[in-house]
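Next up: some structures, all given as structure tokens.
Paired with chain B in one complex and with chain C in the other, chain A is shared by the two complexes that follow.
Let's turn to the complex of A and B:
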């Protein structure tokens, strides 16, 4: 029973998705009958299952919701935008009740007002429901199933040339036939030409097949389904004594059920997530061993290398495809996530006394499941922020000539191997003067600091920043935009904000499609091998050619066209060595952090750039500042993946102290 | 051979959970010869090739509901005599009326208990 119950809750998730899908269709074009039907069906299914498991609160509410939907369906009640909002509220409540039930809370959590509002709609519907079913059963005689199963069949199969031209293989059909029962195949060689007659241009073989099986004729016909019209086919049923029980039926006589083909539903299977993860891990290992193989090959003399090279190329391509396909298993559309957000918008708007709606684009965009899950919190917070701080109230909107309902737009799109999620509001935009003043008051920046617009906008991501003096119920839940940012960064993502005063604010999140692999620059320093994620990397050059200037005790800055960038030894930052006083043979990696700060890492040598499989450190060891994860290289060595953003912070702070300025020197 | 052993049943329901519940009920009643399908279309296709004695179908399904499936079955000679029990969540008179016209054998209101399901089948095929 408990497995069925778990299955029920899982199914409820899908059904709730259809509910909200239907509701957004209703919202978009009013009284679409099919949309109402779909919502009704889903709610009805939830009620049915809930009833079977005795989930009372869920049954009671889905019942009244179902009745209301039935009233809309039958035309007894009209559906308008007010009703759609009510249904949305009801859908949200239904989700809550499902969640409660899944946690084992069978009753409680009722919302009497909502209940009454729905009852008000279906008041017109008669409530004779519980009278039970008044139906006079119709009895049935149980006869042996017709047609009487035959003991076997005699089949004559003679392919035409067209069968072979269409690429069909008789042997496969015979083999499939063999799965239906014991078969006895005799090839009819009578038309076989003698050897001296030369090669036959037309097929000369036929088969007589005896099949012992109680299967139905249609199953045999199914085996030859694709050979229809491309062969002579006779299927004759016989009884146990080997007598014919029916007249021979040829292929064309077999009646095919005339069923209107609809687009087939996507076939799916449910798989334990742990199995998929195991598969992903194995493929990760495969990618590593492919790299190892490639590495080993570089040591083989070129003469021997050549022939392997082609095979190696193919292997590489296949393992790449394999990796892609496996990761696609974990990918899921952001649709569910977006639907959850539409609820957040409704709730936030209600609480803030504003009018708001969510518009989504690209909800079919697929992202790794873990990424989707871990986006819920940051996105929720950002949406609340957008409604609470971004959108103006209706009066102010109307005064500035905008529609009274604010629009929050959430979109997802794949862009160069990453997924970009954009959250846009058509509110008032960031009041930069106020933001600056608050940052000064809180000591985040100095009174005399010159800040660009982008820098002011980015202040919102600084820890301890909140523009509202009173903590509102909405966004002020103990997480600021700084937490949002660090959560996004933990996913290997970047977040940026762009705002136009009076027009609105756009927050852009760019995320890797998967958390399992990433592109990195493999470098050597202090005898260690490290990987620097290429997402943070802007440029690389030799220290000997770079315009380096010594500054202070052992400090260096890099002179760039647009300013000075602090230089900073990667090996010493991670505690592998003390910083060298001079950079001669070293290579420099110019890194830009999410906040737009730049720093140059000095390393001994750059090895190459490649895709690496990410192996988490937290679960095997512990969190190490400055290290994001680890990977295994082609030669079997373990390399740490550098957390460029984290490492850049102290470097920049150090620089700031040196110059007494904010961030880096312009 | 007892009736229980002889009886062959198909369960049709789009929801895995409800399908599971009916299958489980069959199991408890002691009817072993049970196949199931997740939608009306494939149920009909399978029944054309491999008929059963009795179909127990949900009413509320997308694309082809229980009554549409019944109608299809009655229209085709090979499946016209298959028994049909409709399982429904709502006692909707219009549905029952239409079912009666189509030659529905019995119906059962959800949620049902195993004895209720058993009684419902017995009213159609006799004592199990």
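Let's turn to the complex of A and C:
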């Protein structure tokens, strides 16, 4: 039973997705019948399932919602923007009820006002019907009225192979047509091959059918309903004299728009996540043992271009592909996440007394499931910020010549192995003077500091920065964008902000597609092997060729065209050794942080660049400042993956010395 | 321990005993996943001195603790003869570096005596109690206090 119930809730998730999908279609076009139908069907399915499991609150509410939708569907009530908002609210409430039911709370959480508002829609209809005034007969969409009934039809019917593969029988269809009137069927044998041409693999028969009937075209179409897309069908109405009364409408003409709109349903199976993760782990191990094998092979003489080397190459390729495919299983479209955000926008706008809508792009973009899950909190926060701080209220918007409803745009796109999520608002933009003043007041920057626009914008990510003086219900709890930033960074992502005063603000998040592997530069320093993520890496060079200048006691800077870059010894930043006074044979890695800060790390030697499997340290140990994770090298040794962004922050490097790394100098 | 309710012999504990220096210690066997020979670890930055580093246990990365140093009994200079006891507690896997494992014994919980606070220092906080066996005292390690980075996520 509980397995069935779990299945129901999972299904509810999908159904709710289609509810909101339909609602956003309705928002764009209130007259979209198909959208109303889709929402109706989804709500109906939820009601049905809920009834089977005795989830009464859910049944009661979905029943009312269904009735309201039915009123819209029949055309008895009109959908305006007010109604769409009401439906959105109803959809939100329906999600809440599903969530409550999933937690085992069968009753409670009712919203009587919403209930009444929905009942009002059907109620209005009932009254109209009772009054019987101005009652217009409604046309049903399955039988659209013909301008004038035709005297008969000429039908050309040519089945495809798929029609037979699906078990349809043309004879039965012809017989059904015969029930509509007198028919005259002529088999079209023109495509019939001669006997010596062998057996035909594709159907060669077609029929020309003359039908004497005053029936509607839709009735004929109904006969061929199940053959849709499985045959060539042409229905031509003619008058008593046998003249065409209209242009032929062919099946393919009718079908085309639908084919474009609906993606073919993909077949899926539900798999326990733990099984997928186990598979991913095993494949990760396989990739590591492949690397170990390859390393071991370098120590024995193998004929160059020989069979062993060829087999190894193939093995490597296959294990790489295997890993990619397995990781793809965990990928998930961001659609669900984006839909959750549209609710956040509505709620935030309501609470802030503003008008706002969410527009989404690229919701089919796929990202690792964990990334999707862990994006919920930061995105929620960012959206609340955008509505609360970013958008102006309607009056101010109108005064500055903008539409009274603010638009928050959320988009996702794959870009060079990462997924980029952009949150854009068309609000007032960042008031840099004010941000700067607040930062000065809070002691984040000095009074006389020269700050570029980008630097001022990035002040928003500093801990403890909140521009709102009053604590609002929505944001401004002082745990603003710095929390967003650290959460994004924990996912291996980067976040940046760009704003134009009066035009709007864009926050860009760039994330790895998966949390399982990453591209890194393997380096050696202080006898340890470390991995520097290539995402932060800009350039590498030998210290001996670089324009290095000593600055102060033991300090160095790199003189580059575009400015001076501080140089730090990676080994000592991590507390492995004390910094060498001179950089002779060292290699330098130029990294750039999210905030645009550039730092060069000195290491003893660069080994190579490769893809590494990420092994988190939090599970068995704890977070380490300056270390993002660990990985296992080809020889089975563990290497630490450094967090270049953190190490570039003076606070963390200072921390390294405070921690007393001296105990670790080997 | 509500000893009276449990009849002797009915509820037995199996323990793994090992020695550090001249003292004998023990762990409940249910916490022990396996025992492996020492292999060099990867040094962890900013770690307390008793955390030797990270080891690779068939693809799982786990920290190894020098138990002797943690208990205030001096630094272990590990060699191939030393062993690492892999323990699993609270969903976390950790390796404990010790000299050697001595025995597996069966005791009953009511045999455990509270350790009188004589030693002070690091050791006192890391011991749950002691079992007396053949004139020897078996000090029962309290994993929670011994490994402060467990669960809480904050190390000393």
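As a working rule, the second predicted complex is superposed on the first by the 496 of 666 C-alpha atoms of A that agree within 3 Å, B and C clash if a C-alpha of one lies under 4 Å from a C-alpha of the other, contacts with A are read in each partner's own complex, and residues count from 1 in each chain.
Here is the rule we go by: a residue touches a chain if its C-beta (ideal position, glycine included) is under 8 Å from a C-beta of that chain, and two chains touch if they have at least 3 such contacts.
Owing to the predicted nature of the structure, the values given are computational and were not obtained by experimental measurement.
Chemist: On the A-aligned overlay, A:359 touches which partner chain: chain B = first, chain C = second, or both, or neither?
Modeler: After superposition on chain A, A:359 lies in contact with neither partner.
Chemist: So, does A:49 touch the first partner chain B, the second partner chain C, both, or neither?
Modeler: The answer is first: A:49 touches chain B but not chain C.
Chemist: Report for A:191: first if it touches chain B alone, second if chain C alone, otherwise both or neither.
Modeler: neither
Chemist: Examine A:413 and indicate which partner it touches, taking first as chain B and second as chain C; both and neither are also allowed.
Modeler: In the superposed model, A:413 contacts neither chain B nor chain C.
Chemist: So in the superposed three-chain picture, is A:550 touching just chain B, just chain C, both, or none of them (first/second/both/neither)?
Modeler: It touches nothing on chain B or chain C.
Chemist: Kindly classify A:273 by the partners it touches after superposition: chain B alone (first), chain C alone (second), both, or neither?
Modeler: neither
Chemist: Quick one: is A:7 in contact with chain B, with chain C, with both, or with neither? Answer first, second, both or neither.
Modeler: In the superposition, A:7 touches chain B alone.
Chemist: With both complexes overlaid on chain A, does A:296 touch chain B (first), chain C (second), both or neither?
Modeler: The answer is neither, since A:296 touches no partner chain.
Chemist: First (chain B), second (chain C), both or neither: which does A:219 touch?
Modeler: The answer is first: A:219 touches chain B but not chain C.
Chemist: Please identify the positions on chain A that touch both chain B and chain C, taking each partner from its own complex.
Modeler: none
Chemist: Any idea which chain A residues touch chain C in the complex?
Modeler: 281, 284-285, 288, 528-529, 574-576, 615-627, 630, 632, 636-640, 655-656, 659, 661, 663-664, 666
Chemist: Across the complex, what residues on chain B touch chain A?
Modeler: 3, 6-8, 14-18, 20-21, 24, 39, 41, 44-45, 48-54, 58, 60-63, 76, 78, 81, 83, 89-91, 93, 96, 99-100, 103-112, 120, 123-126
Chemist: Looking at the complex, which residues from chain C come into contact with chain A?
Modeler: 41-47, 49, 51, 54-56, 58-63, 91-94, 149, 153-155
Chemist: If you look only at chain A, which of its residues touch chain B in the complex?
Modeler: Listed in rising order, the residues are 1, 4, 7-8, 11, 38, 41, 44-45, 47-49, 51-52, 54, 66, 128-140, 142, 145-146, 216, 218-219, 222, 255, 257, 259, 262, 265.
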